[in-house]
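In the two assemblies presented below, chain A is common to both, partnered first by chain B and then by chain C.
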Partner chain A sequence: MKIVVLVKQVPDPEARVSVGGDGGPGALQVEDRWCTSYFDEVALEAALALRQRHGGEVVAVTAGSGKAVDALRRALAFGADRVLQLDDPALAAADGLGVAAALAAFVRREQPDLVLAGRQALDDEAGLVGPAVAERLGWPHAADAVALEVEPAAKRARVERTVDGGREVLELPLPALVTAQKGLAVPRVPQVTGVMKAMRAKIDKLDLAALGLPAADVEPRTAVLGYRPPPARKPVRMVAGDFPENVRTLAALLRDEAKVL
Partner chain B sequence: MDFRFSEEQEFFRNQVKDAIDRLVRPRIVDIDRSGDFPRDLWDEFAALGYLGLRHPAVHGGLDADTTTSMIFFEELARGSSGFFMAVTAQMLMGTYFINRFGSDGIKQRVLEPAIRGEKIGAICFTESQSGSDLAGVRTTATRDGDEWVLHGTKEWITNGPICDFATILATTDPKAGLKGLSWFLAENGTPGFQRGQKMEKLGTRGAVTGELVLDHVRVPAENLLGEPGKGVRYVTDILNEIRVMTGLAACSIADEALRDAKDYARRREAFGKPISEYQLIREKFGRCWAQREAARTFLYRVSWMIDQGLPCQREAMAAKWVASEMCLDAVDEATRVYAGNGFTPEYPAERFFRDARFLLSGGGTHEVLLDYLGRSYLRQ
Partner chain C sequence: MAGAIWVVAEPRGDAVRRVSLEALGRAAALGGETVAVLLGADAAATAPAVAPHATRVLAVEHPTLADASSTAQARVLAELARTRAPRAILAGATAWGRDLLARLAARLGAGYVPDAVELSAGADGQLEAVRPVLGGRAYARLAFRGDGPWLVALRPNAYPAPAPGAAGTVERLAAPEDLAALPPRVVERKAAAGGPVDLAEADAIVAAGRGVRGPEGFAIAEQLAAALGGAVGASRAAVDAGWRDHAAQVGKSGRTVAPRLYVALGISGAVHHRMGMDTARTVVVINQDANAPFFKHADYGLVGDLFQLAPALAEEIRKLREK
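What follows is the complex of A and B.
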C-alpha cells in the first residue's frame, strides 16, 4: 500500500507574531522559529501505523522553499520512506488552491492508494489544501478523522470523525484523501538514528515543469490586502472599597455596564 | 569565515529541542523538588538513542562530531539541570575512557548497555582532599598478579549512588604525583565496591551525587584503561570537551532565566507601567544578552577547534570561565527583576539561581582556571 502524506513547515506556536507599520500585505512579522504543523505530524504517524499493519511505502511531500525542507527531514526522522519537495518560484506567491494544484499533480504522478494530510495548517488555519487536492483529483475525501482503518485488498477505507453528540462513521473507496484530527495518532519523538539520517539526507526537488503543471495553474485567485492586529485588551479595572461594599459595586458594574448579569 | 550553523545542524538542534520540550521540560519542577533521579525519564530518553551520540556506530553509537554533540548538550541543558548532569556524566564522562581504551569484552559488557541506558556510569576524579588539584588523589591501585586492587574513597560522584560502573582515577605510583595517575574500570557488584547515600544539594537536583568507597576492590588487569601514569594526559583531552559543554550549559541556563525574567518584566507593573519600560531593567537584559552572545560564540569556536584537532586547552578554560561568570550574573539579574518573587520557589528564577552555582566548580574552579591562564599568559 502506498500512502502520500502532505506536510507543511509553519511558524512555531511559540514564535512571536506581530503586525508591523502600514498593515499592508507585507506587514506580518514572524519570528524565525519553525516546526512541522501538528496535524500533519498526526497524519504522518497514522500513515506509518498503516504501513506497519499493511506494508508498503510512505511518501511525504511539501510545497515550498527555504525552511519547508525541514518538514521533509522531520518526516524522514519519523520513518517516511521517501520525501519530495515541490519547489518553484511560482509557488512562492501561490494561495491554498495553487498549492493544492501542485500537490495534486504530484499525487497523480505517484498514484498512491491513500493521501493523508493534517486537518489544517497551524499558521493560516484555512483547512483548505487537503480537500482541494481531493477535488483536483476527483477523489473521495473525509475530513477530521479520529480513527482510520484500511482494507487494501477491498480498496476501502473506514473513517470515524467527531460530530456533535458522538462519532460519524464513513466508508469510502480508495484511492481517497483523509485529513487528520487530533486523536487519530500521537506523533512520536523521533529516535536520534532517524534524526541523523534525516539530517544528512539529500532532499530531491521537483519544479512545476517536472510535474507537467503550467504556472498559470498555481496563480493565486485570492489576494492578501493586509493584516490587522487583534484589538488591544481593555485595561483591568480594580474595584476599590471594603467588603461587602466592593462586591455590591462589582455586581452593579457587571449588571449595568458589562450587562452580563 | 562563516559563523552560521548549517541547515542540517539547525534541523538537528530543533529535533533535540522537540525531544527535550516534550519529555524533560514537563518534569523540571518535580525533579528539582524531589531531588530523585528520574529513572523512568532516563529509560524513555535512552530509548531515543542520544546516549550513544558520540560513540562509534560499531557499538551502537552515532559517531557524531564535537559540534553536533555540543548542540545536543546545549539544548539538553534547557531542560532539567539535574537530568543534564546525569546524562552528561554518562555519555561524555563515565564512558569516555571505556570507549577509548576498553577491550572488546569490556565494551560489550559495559559500553553497549550504557549506550542503551541499561547501565549507568560515573566518573571519579574528586576526593575529600582533591578536586581540581589532581595531584592530591589518594586512591591507590596496586598490582597483585593478574589483578589490580583499588582502595580509596571518591566524593562528589554524579550518578555515584546509582551507578552500575565507574571509571576511577587512582595512583599507581604515589611518589610520582601527577605522573603516577591512571584510569580504571570498576563495576558495581564487585566485592568492596560500595555506593554511598545521595547527598542533599543546592542545585542540579535529580542528578544524584554521593560518595563511592572502594574497599580493596579487585579488578582484572584489563580494567586498567590506557597506560599507567598517563591518566592526567588523557584527562586533558576530555577536559576540553567537558569545559565547552559546561560553558554551553551556562549559556542555556542564562538564556532560560533571561527569557523567563523577560516575560515577567513585561507583565509586572510598577508606578503605572511594566517594569520592562524602565532603563535600569532594560540595562540588565541588554548587558546579559550581549555577554551571552559573546560567550556562546567563543564556545562554538573552541568546539570547532576540537573538531579540527587544534590545541585549545587555554581557550576551553577561558570560554568555560567567561560563560559561567556570564551565567552567574544573568541568573542573579533575573532574580533582581523578580525582586521579592525571586526569593520563592513559586517562580523559576530561584531555581536558575541555585542550578547555576554548579558552574563554579564543574570543569575546574574559576580560581584554578584563572591562575593557570594568568601564569600561561605571563610565561609567553
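What follows is the complex of A and C.
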C-alpha cells in the first residue's frame, strides 16, 4: 500500500508573536522557532503504523520553501521512505487553495491508495488543505479521524471521527484522504541517529512546471489587509476573602459586573 | 452591491444550530438579500426555524441529503451557486460547516475564510473578514479577490442571534438523484464517552484539568456546568490521563472555543491550552497555586481548593439564577 502524507513546518506554538506598528500586511512578527505541525506528525505516525501492518511505502510531501524542508527531514527521521518538496516562487504567495492545488497535482502523479493530512495546521488553523486536495482529486475524505482501518485488497477504509456532540464511523472506498485528529496515533520521538541521517539527506524538489500546474491555479483568492494584536484582557481581579465569602463575591461579580449569569 | 448572502443552515434536531441564526443576523446587517439554505430529506419542514431571519429560504430536498457526505452537499451547493451567483456563502465554523465549506471552496475555486470572528462590508460591496491566526496571538484582516462567491465560516458567539422579523418566502428544490452514491457513508453514530460534548456553541464552559485528580473530579465540573447551563471541557493532561473524551479537549491540539464564560478548574494555563480559549469573553480561573500562569490571562481569579470552591460556587450561582 502506498501512502502520501502532507506535512507542514509551522512556527512553534511557543514562539513569540507580535504585531508591528502600522498593522499592515507585513506587520506580523513571529520569532524564528519552528516545529512540524502536531497533527501532521500524528498523520505520519498513523501512516507508519499502516505500513507496518500492510507493507508498502510512505511518501511525505510539503509545499513551500525555506524552513518548509525541515518538515521533510522530520518525516525522514520518523521513518518515511521518500520525501518531496514542492518549491516554486508562485507558491510563496499562495493561500490554502493554491497549496491544495499543488499538493493535489503531486498526488495525481504518485497515485497512492491513501493520503493522510493533519486536521488543521497549527499556524493558520484553516482545516482547508486536506478536504480541498480531496475535492480537487474527486476523492472522498474523512476529517478528524481518531481511528483508521484499511483493507487494501478490498480497497476500503473505515474511519472513526470526532463530530460535534460525539463520534461517527465512516466507510469510504480507496483512494481517499483522511485528516488526523489527536488520538489517531501518538507521534514518536525520533532517535538521534535517525535525526542526524535526515539532516544530511538530499531533498528532491519539484516546481509547478514539473507538476504540470499553471501558476494561475495557485493564485490566492484572499488577500491579507493587515494584522492587529488580539483584544487585550483587563488585568485579573483576584477575588479576596475567606471561604465562603470569596465564592459569594465571585458569583456576584459574575452577575453584576461581567453580566454572564 | 449585487448578489444575495447565503447561509447554509446546520440542522440540529428539528431546528438549526444557533450559529446559523447568528450568521443570518450578520448577513442581514450587511445589507441585501439574505437566503437561508436548508439541506435535507424534508428540508422545508425546518423552514419555520430560519424564515423569520431571512428574506428567502431555499429548501433543497433529497432523501439522503441531511446525512450525505460533504462531498454530495458541496456538489449540490456548487451547482446552485453557479446558477444563482450569490455574493457570499456563510456557515457556522463548526465541524460540519468547516468540512462543507472547505470542499465547496475547492470546488468553486472560491476565496474562503475559515473561523471568522468579524465580517463587515468593505469598499465597493466587498466583504472583509477578521480571523485569529497562530492560536489567537494575532488577528488577520482579509479581503477576497475575484467575483465570488466568497465563503466564510463564522465562529459561534461572534455575533448575537437576531430577533425574528417577517418570515421570508420558502422555495423548495429537488436535488439530483445520484447523490446517495457519493461516499463516504456514515455507518454508525456514537455519543462521546462521558456524555455528549457540544462545546462549539456553549454559552458557558467549565473546563477541568489535572487538578481534579480523576474522572470522579469531573463530577464537580459537571455540577458547576449544570448550574451555569453550560458544557464541560478538559485540558490535555486530563484527556491524556483518560478522564475525558478527546472531543472535550480545549487547546492547540484540541478544539477552539469562544463561550461567554469560561471557568478553568485545576488547569495551570499553559499556552497550548489558552490558545483554544483566549477569545472567551469572561475567564474565571480557580487554582490552589496563587502563581499559576493562568491567573495572568483571566478576568477573575480565585485561589484555593477547587474541591471546596467549585461546588460552593455552583450552589451560589444556582441561588442567584433562581431569584
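Throughout what follows, the second predicted complex is superposed on the first by the 236 of 261 C-alpha atoms of A that agree within 3 Å, B and C clash if a C-alpha of one lies under 4 Å from a C-alpha of the other, contacts with A are read in each partner's own complex, and residues count from 1 in each chain.
What we mean here is this: a contact is a pair of C-beta atoms (placed from the backbone, for glycine too) under 8 Å apart; a residue touches a chain by one contact, two chains touch by 3 or more.
Computed from a prediction, not measured in an experiment: that's the story for all the values here.
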(request) Check whether A:Pro11 is in contact with chain B, with chain C, with both or with neither, and answer first, second, both or neither. (result) second
(message) Just to be sure I read the superposition right, which of the two partners does A:Val236 touch: chain B = first, chain C = second, or both, or neither?
(response) second
(request) Check whether A:Val195 is in contact with chain B, with chain C, with both or with neither, and answer first, second, both or neither. (result) first
(message) For the overlaid complexes, name the partner, chain B or chain C, with more touching residues on chain A.
(response) C
(request) Give one of first, second, both or neither to describe whether A:Ala92 is in contact with chain B, with chain C, with both, or with none. (result) neither
(request) Name the contact category of A:Ala49: first (chain B only), second (chain C only), both, or neither. (result) neither
(request) Check the residue A:Ala216 against both partner chains and state whether it touches chain B (first), chain C (second), both, or neither. (result) neither
(request) Considering only the touch criterion stated at the top, classify A:Ala77 as touching first (chain B), second (chain C), both, or neither. (result) first
(message) Identify the residues of chain A that lie in both the chain B contact region and the chain C contact region.
(response) none
(message) Which residues of chain C touch chain A once you look at their complex with the stated criterion?
(response) 69-71, 74, 94-96, 98-99, 102-103, 105-107, 109-115, 128, 132-146, 182-192, 196-200, 204, 228, 246-247, 249, 252-254, 256, 260-261, 271-272, 275, 278-279, 281-285, 295-304, 308-309, 312-313, 316-317, 320-321
(request) Please name which positions on chain B make contact with chain A in the complex. (result) 7-12, 14-16, 18-19, 22-23, 47-50, 52-53, 62, 64
(message) Residue numbers of chain A touching chain B in their complex, please.
(response) 34-35, 69-70, 73-74, 77, 189-193, 195-196, 198-200
(request) Would you pull the chain A residues touching chain C in the complex into a rising list? (result) 11, 13-14, 17-19, 28, 30, 38-39, 95-97, 100, 122-128, 130-136, 140-144, 146, 158-159, 162-173, 176, 181-183, 219-231, 233-234, 236-239, 243-244, 246-248, 250-255, 258, 260-261
